[in-house]
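In the two assemblies presented below, subunit A is common to both, partnered first by subunit B and then by subunit C.
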Partner chain A sequence: MTEKKKIDRALKLIAGLSIDKSSQVLSKMIKMGASIEMRDVYMADISQLTANRTAEDEKEVVGAFIDLVGDAPFKFLFYVSADDSLVLTDLILRREVGTSKEFDLYSQSAVQEIGNILASAITNVFATDFQISMRPSPPVVVNDYASTIFQEYIMSAALERDEILIIETVFCVVQQDISCRMFILPMQESEKILNYIVSTM
Partner chain B sequence: MGKKVIVVDDAPIIRLMLKDILEYNGYEVLCECANGQEAVDQFKALQPDLMTLDIVMPEKDGIAALEEILSIDENAKIVMVTAVDQRESLMKAIRAGATDYIVKPFENDRVVSAVKKAFGEE
Partner chain C sequence: MDTKEEKKEIVVGMADIKVGEAPSVLLTNLGSCIGLCLYDPQRKIGGLLHLMMPSAGAAVNKSELKKAKYADTGIQELLQQLKNIYGVRVSDCSAKIFGGAKILQGNIHNIGMDNDAAVRAILKDLGIRVGACKTGGEKGYKLKFNLETGAVACQIFGEQIQEF
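After this line comes the complex of A and B, so read on.
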C-alpha cells in the first residue's frame, strides 16, 4: 500500500469514528435521530474544486467555521440551508417545528452550537482513540451562498499547497427533511501525526 | 427569592436554554455574559451565588475567567459547561477549583442536579 493510500485509510478511519460520535451528540442535542454518512474522502486540486461546485451550492446557507488546533490541526466546516437552520433551532429549543419564522440571533447561534458540538466530538475521538491532544476554536458563523462559504473554507488552506484532502459528509435528520454538510480538512502540519496513526494500524 | 445565578456562554441559544431551565427550577438569573471578561466583570458587580461558565469562548476563555474569579473569591461556586467530553480542559478546570461540570448537549435534569449539588441541596 502506498503512503498516500495509507494516509487516506487513516483519515477514513478517523472520519468514520468522528461521524459515529457526531451522530450520537447531534441526535441527543435535537432529541431526534440524526444519521451522518461519509460522502467522500478525496484529494482535490484547489483551482478545480472551487470551479466544480453544483447548482445546489447556490443556495443560501448558514455555516460555522472552526479551527481544530493542537497536535494535528484540521479545519472544520458545517453548513445547513438558512431555512433548515430554523427547523434545527426549534428542535434544539424543544419547540414545535415552525415556531421560528425568521433567521435571527438564535438560529445563528443554533448553527454555531451544532458546529461547536460536532467539532468537539471530533477532537474527542482524537483524544480518546489516538491520544492526540486537540481543541476547537470558538466557531465563526457566516451566512452566505454555499459556494462562497465553501470557497472561503478552501482558500484558508490554499496558502499552503495546491492540493488538499477533503472529508465530505452529508447528514440527515430523521422525520425532518434536513440535509447538512460537514467538511474536515487536515492541514499540512497534520501529516506527521497521520503517519504516526498509519504506523499503529 | 431564589438563589442568584449568572449564565456565561458565547452561544445565545445555550444561554437561553440554561436560563429557562434555571428559572423554571426557582433560580434567579441575574444576567447573561458572552465571554470570560464579561463574566469576571459581572461577577465582581453582581456577586452571584453561582455561575455557569462555558469553557471555549472568544476573548477570554472559561478557564482563564474561572482562575480570575477564584482569585477574587476562593469560595465562588462555578459550574463549567463544555461541549462533549473535553477531558483535558475539564481536568484543568476541576484542578483550578470548579465546583462541577456539565457536558453539552445536556439534559435539563443534569443542569439542575449540578446546581443543586453546588448548593448542597442534593
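After this line comes the complex of A and C, so read on.
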C-alpha cells in the first residue's frame, strides 16, 4: 500500500469513528435521528476545488468554523443552508418547527452549539482511540455564500500548499429533510500524527 | 455552431487566472481574496485573476509556484496570458478591483486590505487605469465579468447586484 493510500485510510478511520460519535451526540441533542455519512476523502487542487464549489453551490448558508488545536491540528467546518438553520434552531430549543422566522442570535447560537458538539466529538475520538490530545477553539459563525465560506475555510491550508487533503461528510436529519455539510481538513503539522496512526494500523 | 460565438461561462477558482473573449462571461466568488478584472474594450478581451496574498516573497524562486496566488506574480501572469493568447498590450487594458472582505471577524490581521493595497500599487506602477473598485466589508462577493461589454455585475452577500 502506498503512503498516500495509507494516510487516506488513516483519515477514513478517524472520520468514520468521528462520524459515529457525532451522529450519536447530535441525535441526542435534537432528539431526532441524525445520520452522518462520509462523502469522500480526497486530495484536490485549491483552484479546481473552489471553482467546482462556485459552480455548484450558490446558496446562502450559515457555517461554524472551528480550529482543532493540539498535537494534530485540524480545521473543522460545519454548514447548513440558512433556511435549515432555522429548523435546527427550533429542534435544539425544543420549539415547534417553523417558530424561527429569521436568522438571529438564537440561530447563531444553535449553529455555534452544533459545531462545538460535533468538533468535541471528533477531539474525543482522537483522545480515546489514538491518545492524541486535542481541543476545539470557540466556534466562529458566519452567514454568507457557501463558496465564500468554503474558501475562507481552506484559506490557511491553501496558503501553505496548492493541493489539500479534505474529508467531506454530509449529515441528514431525515424527518425534517435537512442536509448539512461537515468538513475536516488536516493541517501540515498533523502529518506526523497521521503517519503515527498509519504505523499502528 | 461556431464556438467563438458561443456564450461560455467560465468559473475562476481561488488562486487562478482565466482569460477569454466576447461573448464569454467570467465568474468567481470572493471572500478576503481579490478579484482583478483586466479588459481590452477595443477587442473585447479580458481576464480575471483571483489572488490570495499580496506577494510571493521568497517563494518567487520556487520552480512550481502557483503564480495566481499572489498579487505580484499573478498580475504579471495575467498580463502575459492576455499578451500571449490574444496579443493584448498593457496599455490596452483597464482594471476593476473587487473583494478583500474580512469574513472571519476573529482574525486580527486584515489580509483583504493588504491584498487590495498591493494590487493598486502594482497597477499604478504598470500605468493601468483603475476604472472601478468595490472592496472591503465583511461579506462575500459574487462577480460576473461580461466580456461583451466589460461590465462586472457584483453582488455582495445580502445586497442588490451592482454593475461596475
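In this section, the second predicted complex is superposed on the first by the 198 of 201 C-alpha atoms of A that agree within 3 Å, B and C clash if a C-alpha of one lies under 4 Å from a C-alpha of the other, contacts with A are read in each partner's own complex, and residues count from 1 in each chain.
In this section, a contact is a pair of C-beta atoms (placed from the backbone, for glycine too) under 8 Å apart; a residue touches a chain by one contact, two chains touch by 3 or more.
Small disclaimer: the values here were computed from a predicted structure and weren't measured.
Colleague: Once the two structures are overlaid on subunit A, check if subunit B and subunit C clash or fit side by side.
Modeller: They fit: once the shared chain is superposed, the two partners occupy separate space.
Colleague: One more residue to check, A:L13. First (subunit B), second (subunit C), both or neither?
Modeller: In the superposition, A:L13 contacts neither subunit B nor subunit C.
Colleague: Of the two partner chains, subunit B (first) and subunit C (second), which one does A:V69 touch, if any: first, second, both, or neither?
Modeller: neither
Colleague: Report for A:S109: first if it touches subunit B alone, second if subunit C alone, otherwise both or neither.
Modeller: After superposition on chain A, A:S109 lies in contact with subunit B alone.
Colleague: Touch check for A:M38: first (subunit B), second (subunit C), both, or neither?
Modeller: neither
Colleague: After the superposition on A, what does A:V25 contact: first (subunit B), second (subunit C), both or neither?
Modeller: A:V25 contacts subunit B only, not subunit C.
Colleague: Looking at the overlay, what does A:E60 touch: subunit B (first), subunit C (second), both, or neither?
Modeller: A:E60 contacts subunit C only, not subunit B.
Colleague: Does the superposition put A:V142 against subunit B (first), subunit C (second), both, or neither?
Modeller: After superposing on A, A:V142 lies in contact with subunit C but is clear of subunit B.
Colleague: Report for A:C172: first if it touches subunit B alone, second if subunit C alone, otherwise both or neither.
Modeller: Neither subunit B nor subunit C is touched by A:C172.
Colleague: Figure out whether A:A121 sits in contact with subunit B (first) or subunit C (second), or with both, or with neither.
Modeller: A:A121: touches subunit B, not subunit C.
Colleague: Report, please, how wide the angle is at the C-alpha centre of subunit A between subunit B and subunit C, in steps of 10 degrees.
Modeller: Placing subunit A at the corner, the angle measures out to 120 degrees.
Colleague: Subunit B and subunit C, closest CA-CA distance after overlay, in Å?
Modeller: 10
Colleague: Check subunit A for residues that touch subunit B in one structure and subunit C in the other, and list them.
Modeller: Of subunit A, no residue contacts subunit B in one complex and subunit C in the other.
Colleague: Given the complex with subunit C, which residues does subunit A contribute to the contact?
Modeller: Result: residues 46-52, 54-55, 58, 60, 65, 140, 142-145, 147-149, 151-152, 154-155, 158-159, 162 of subunit A touch subunit C.
Colleague: Please give the residue numbers of subunit C that touch subunit A in the complex, ascending.
Modeller: Of all residues in subunit C, those touching subunit A are 11-16, 27-33, 52-53, 64, 66, 68-69, 103-106, 139-142, 157.
Colleague: Considering the complex alone, what residue numbers of subunit A touch subunit B?
Modeller: On the subunit A side, the touching residues are 21, 25, 28-29, 89, 92-93, 105-106, 109-110, 112-113, 116-117, 119-121, 123-124, 127-128, 133, 135-138.
Colleague: Mind listing the subunit B positions that touch subunit A in their complex?
Modeller: 10-14, 16-17, 56-58, 82-89, 104-105
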